[in-house]
Amino acid sequence: MIIQLKASAGKSGLEKIVSHLAQDGVPRERLDIFSGDTYTLVGVKGDAGKLDLDKYQALDYVLTVHRISDPFKELSRQFHPDDTLIELRGGHCLGRDLSVIAGPCAIESREQLFRTAELVARAGANILRGGAFKPRTIHRSFQGLGEEGLKLLAEAREAVGLPVISEIMDARDIPLFVEYDIDIWQVGARNCLNYTFLDALSQVPNPKPVLLKRGDHVSLNELLGAALRLYEGNPQVILCERGDKTADRVHRNVLNLNNVSYLKHHYHLPVIVDPSHGTGVRELVGDLGLAGMAAGADGLMVEVHHQPEKALCDGAQSLNQEFAALVPLAADIHRMRNALSAAQAAKYGGLAAMAG
Amino acid sequence: MIIQLKASAGKSGLEKIVSHLAQDGVPRERLDIFSGDTYTLVGVKGDAGKLDLDKYQALDYVLTVHRISDPFKELSRQFHPDDTLIELRGGHCLGRDLSVIAGPCAIESREQLFRTAELVARAGANILRGGAFKPRTIHRSFQGLGEEGLKLLAEAREAVGLPVISEIMDARDIPLFVEYDIDIWQVGARNCLNYTFLDALSQVPNPKPVLLKRGDHVSLNELLGAALRLYEGNPQVILCERGDKTADRVHRNVLNLNNVSYLKHHYHLPVIVDPSHGTGVRELVGDLGLAGMAAGADGLMVEVHHQPEKALCDGAQSLNQEFAALVPLAADIHRMRNALSAAQAAKYGGLAAMAG
Amino acid sequence: MIIQLKASAGKSGLEKIVSHLAQDGVPRERLDIFSGDTYTLVGVKGDAGKLDLDKYQALDYVLTVHRISDPFKELSRQFHPDDTLIELRGGHCLGRDLSVIAGPCAIESREQLFRTAELVARAGANILRGGAFKPRTIHRSFQGLGEEGLKLLAEAREAVGLPVISEIMDARDIPLFVEYDIDIWQVGARNCLNYTFLDALSQVPNPKPVLLKRGDHVSLNELLGAALRLYEGNPQVILCERGDKTADRVHRNVLNLNNVSYLKHHYHLPVIVDPSHGTGVRELVGDLGLAGMAAGADGLMVEVHHQPEKALCDGAQSLNQEFAALVPLAADIHRMRNALSAAQAAKYGGLAAMAG
Amino acid sequence: MIIQLKASAGKSGLEKIVSHLAQDGVPRERLDIFSGDTYTLVGVKGDAGKLDLDKYQALDYVLTVHRISDPFKELSRQFHPDDTLIELRGGHCLGRDLSVIAGPCAIESREQLFRTAELVARAGANILRGGAFKPRTIHRSFQGLGEEGLKLLAEAREAVGLPVISEIMDARDIPLFVEYDIDIWQVGARNCLNYTFLDALSQVPNPKPVLLKRGDHVSLNELLGAALRLYEGNPQVILCERGDKTADRVHRNVLNLNNVSYLKHHYHLPVIVDPSHGTGVRELVGDLGLAGMAAGADGLMVEVHHQPEKALCDGAQSLNQEFAALVPLAADIHRMRNALSAAQAAKYGGLAAMAG
């Protein structure tokens, strides 16, 4: 941590900051003090992870405070260079293999789920998604089938032989997710910063992998802070980029692929892109899915409905036939990035730092 | 609800939409069909509140769907013209009287809380705030004193004679908030769209007023949807505007006072402005607090710390002496707006629609 | 300027940066070098205004670069504590007196302009606005009357005795603005960062005051950079806040009053608020105008049309009778802030730093 | 155009709107009037392109107004299904061939330009970029070599045999761009909505292709409106996506690839992606460039400097060796998208609508 004092702080400012740091357990020996003609800088040697930036920032005589070390170092490639790999039922390895997560937004009926599951399995999906609990802005809308949905999803898993993912919205539903042995537990965008919920998930014994969606306008540091809460109890954390609302009324959401590239360069957790929510309109889903793969994502999560005209929610985003065309293209790009990584990791660090 | 079909929809598109609506319980008699040369419009007569816009929007042959009626009509002045008034311990009426909520961001110790409570009471605050549970991005930071904090807050209430407000972060803490009889339960910005939590709060018997903070980049419709969840079980809902993150690195957050004016014009719930979080920097707090009052807010929530240099969190925002100067000015503006409303409500609807 | 090297920079990094700075005319004697165990900092003593931050930021071994001194010091209160005051025809002093700028968005006809001018003069406006050149997104829309508009505006000035403001969009129109002796030349939001145009305006001999509108999503540093271009040739620069587009579809624009407070605290140029464009909807204009005054603005710019139903552009924002109610309230708040400033400038720097 | 009246408008509202439309040249016969129990809709048959939406929106008794037809129909695939192709010196066809535009941000010297030009030509670039006029936020920074830069660029064009692109900032520089026969004239982000400048460019006789960069937070409709101004005088318009500022302080800009996909689906102009400005940091440029290609772009514009450590501006974004690795990957993705388009255009409209 480096603290820059205001020009007006003077000697007394310096004395006060030294005494403050001492109260927080940082003795004078751990400080480097550097006085120029227009500034005074105080550097803290060693681990400053427990010091509260905001507190120091609040001091009247302090201009800026910044950390030197990454506060999310457990997630960083600096301390853990290799990709986190997540083994799923049936042998699929998320983080190494291309992961294509597909299925309906909401599970509506056995027939709808099974038909869609067959459709996506045939088209090359390797993880089946289906929502049993649905958060809705207007709460009298359809909220999902609940436990019945999880039960159907577990049956569909048997039928098509794919691991399954479903959103959990409440710590009180943990026993249900355990009972139906859901393979990946999804935390939705609205719960991304729901810390008590994240802490509850982190404490589940023998936990399953958790996919954490970035919430609307949640910053990468907020996302990493949330991921770290999960990670400390359960290292199988998957990040998911799904875009932000935007002032351009032409779009419902805009996917942030700078995030994908940044996360893959600096952190070791797998990253999935959700072009369905990241666009909100069917005609853009394929393009943005491919773009996400090209930016370095480990896979895609796509809403597919066997009859999109009948889907009860988010229907505007559901692909069907187009999905079958998308999978081989995503695989091509995934292969291209892997080849690049393998061949050039040493030579061109910039492009290839996300090597598998 | 009005549905506009695509130019290409043709007769078959019209037949399909009529059949869809019939399946959703809207018979042909409730439809107005209007065919121009370049468009076909279908109007649904009567209550369309239970129809799912997204579902209709998803249909291939549909161009746009929009509601005619406000989906939040219970909150609307159209159905409930008068302001919601909230009576608090000691006779303060939030929504009628100017409400000045002040106190430390986090309760740190008995001494800190009591000193600050006395300071703000003397300066004219009429509600005491103090955080016992604190959500923090980096979860090893100070998280609040928990139950001990609530206990101290209840004691400070006796000492200074002001009702108290504190943030609740988890449905499991409901019994504690009941036990210490917290006068206003605050839902923080990160939980603004945590629907299972809102539903749990809505079901508390004999509920206390709830102050719902707008989350970062949460839209007004999302906020109203969240407020309605609370409102159905507990009509004592208070909205709080606290700003959004911004791309201009000069600011930490930017307060949205268009929201305050819009909410007061169209809805009957009281609105509080939080200029402390809405600016993130002490020197702007007073100005933005006054601006919030001028925009029509019912009150302010301000962080005050008797020794801001020692505050453990959000210290950069804590006022102290400046607070004493702020209260009478806020009261002047509150009086001015009330006078305006009383005298001119009939004549100048535009400016005065928020009359008390 | 303080440059922080990467941990990996080592001795060679330090040597390279020293040699770089020497090439840019900063000798070793002007450098403070500070090496901690995990960082190396290089401080540049004296004026670093001509060094290019980006260039240093680009160096492979550099982590961060930041300025100590304000790059806009000519505009800063640190170097020029007193408010810039702008004397206008007829004795109005912008920056000292409350400035109420009102009139039609676009001048449409002699009758429309004169009727509106009389209406606003009677209601208390002290500057008349009227657009002769109108930038329009869809360029086949009405673009303004051009020279004929300026001529009518000059005539209306005589009729009502108020100085006038109009938007200039092109350096080629400078002779027209000189010929009709327009009292304040407005630079619109779309031209806020049009540097060649700003430079042309800056070089006009015997220049008139220029009002510079902040463009959509233009940051304060970008705005100040643009203002400084004008200021160097013409110190009579007025800043104008008019809001940004937003992802919340309820609003057309959202006014940024944090900007107003920040600018008044740190810089000496007058600041006008435009609640008409800053809201885009008539019912919010009054509230946001008052809020802008409470945040510290020197005045308001409001669109008023004598028959808003017939206005050719931006009609949704035009007030008429409401305007008459708004002026005395704005004056009350202006008085309140002035009193505050006079009485408490010394005592409560935070709230009162914008004293007149 | 469809106008929806307010519920309160009544018969008199309907009469007024009919009379308004008549004044604007739309007779009663061109109107469809549709009255439901809670709404009244007025549809305008035929071309409503010259009617001003805002004007109608401003009427007190009007709830909403929306266009049926695209106001940018000259740019739309509906009226011009085929891609616009732009033939450049030497036979390169922008819009059909992969376009790789590369070179230094600013031309600094003959040596720097020629070395970089050779480097990028060898690596597969087919258009050479180089800035002679540079807009800078802080105007005392290096502003470019001006005419000398254009002259060097024209010489470098001869040396490496590539067409060249450079930014024009001022209509007064048109003769210079004509004299040095610059192959593509770039309009920078800050001038994206500078309508008088766009109009001046549109009127150049025998014009060269113009590349129009989307400005920060400029909406697609604003961009298309600006493009249409150019297009009416010069159909060789190229759009360029370069991202927006963002509230997440980890990024300098975030590229909007939803824009690329949307533009390619609906409009026929070529689209180039600028990942250098769209990220602002070297390590993300390659990933986002590939992502842009995967989203459907016709090419990339990348800053390359033979010695990035010495670049005078935007150095943090300049690639060099990584560039050589990027080109073949971009070409692979371009081929993949073309193959997809050719084979599946008929079958999967959604993914393949951008077929060449």
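Letters A, B, C and D name the chains as they come in the text, with residue numbers starting at 1 for each one.
We take it that a residue touches a chain if its C-beta (ideal position, glycine included) is under 8 Å from a C-beta of that chain, and two chains touch if they have at least 3 such contacts.
Chain-to-protein mapping (UniProt): A, B, C, D = 3-deoxy-7-phosphoheptulonate synthase.
Just so it is clear, the structure is predicted and the values come from calculations on it, not from any experiment.
J.: Which contact partners do subunit A and subunit D have in common?
T.: Touches both subunit A and subunit D: B, C.
J.: Among all other chains, pick the one whose mean CA position is farthest from the mean CA position of subunit C.
T.: A
J.: Go ahead and note the Å separation of the Cα centroids belonging to subunit A and subunit C.
T.: Taking the mean C-alpha position of each chain, the two centres sit 40 Å apart.
J.: For subunit B versus subunit C, what separation do you get between their C-alpha means, in angstrom?
T.: Inter-chain centre distance comes to 31 Å.
J.: Give, as an integer number of Å, the spacing between the C-alpha centres of subunit B and subunit A.
T.: Going by mean C-alpha positions, subunit A sits 28 Å from subunit B.
J.: Using the touch definition from the top, which residues of subunit C touch two or more other chains?
T.: In subunit C, 217, 219, 221, 244-249 touch at least two other chains.
J.: Can you check the complex and tell me which residues of subunit B touch subunit C?
T.: On the subunit B side, the touching residues are 217, 219-221, 243, 247-251, 253-262, 264-265, 278-279, 282-288, 290-296, 319, 321-322, 325-326, 329, 332-333, 336, 340, 344, 347-348, 350-351, 353.
J.: Would you mind writing out the residues of subunit C in touch with subunit A in their complex?
T.: 2, 4, 7, 32, 34, 36-39, 41, 43, 45-46, 64, 66, 68-69, 244-249
J.: Touching subunit B in the complex: which residues of subunit A?
T.: Residues of subunit A touching subunit B: 16, 49-50, 52, 54-55, 57-60, 71, 135-142, 169-170, 172, 190-191, 193-197, 216-219, 221-222, 225, 228-229, 244-245, 308-309, 311-318.
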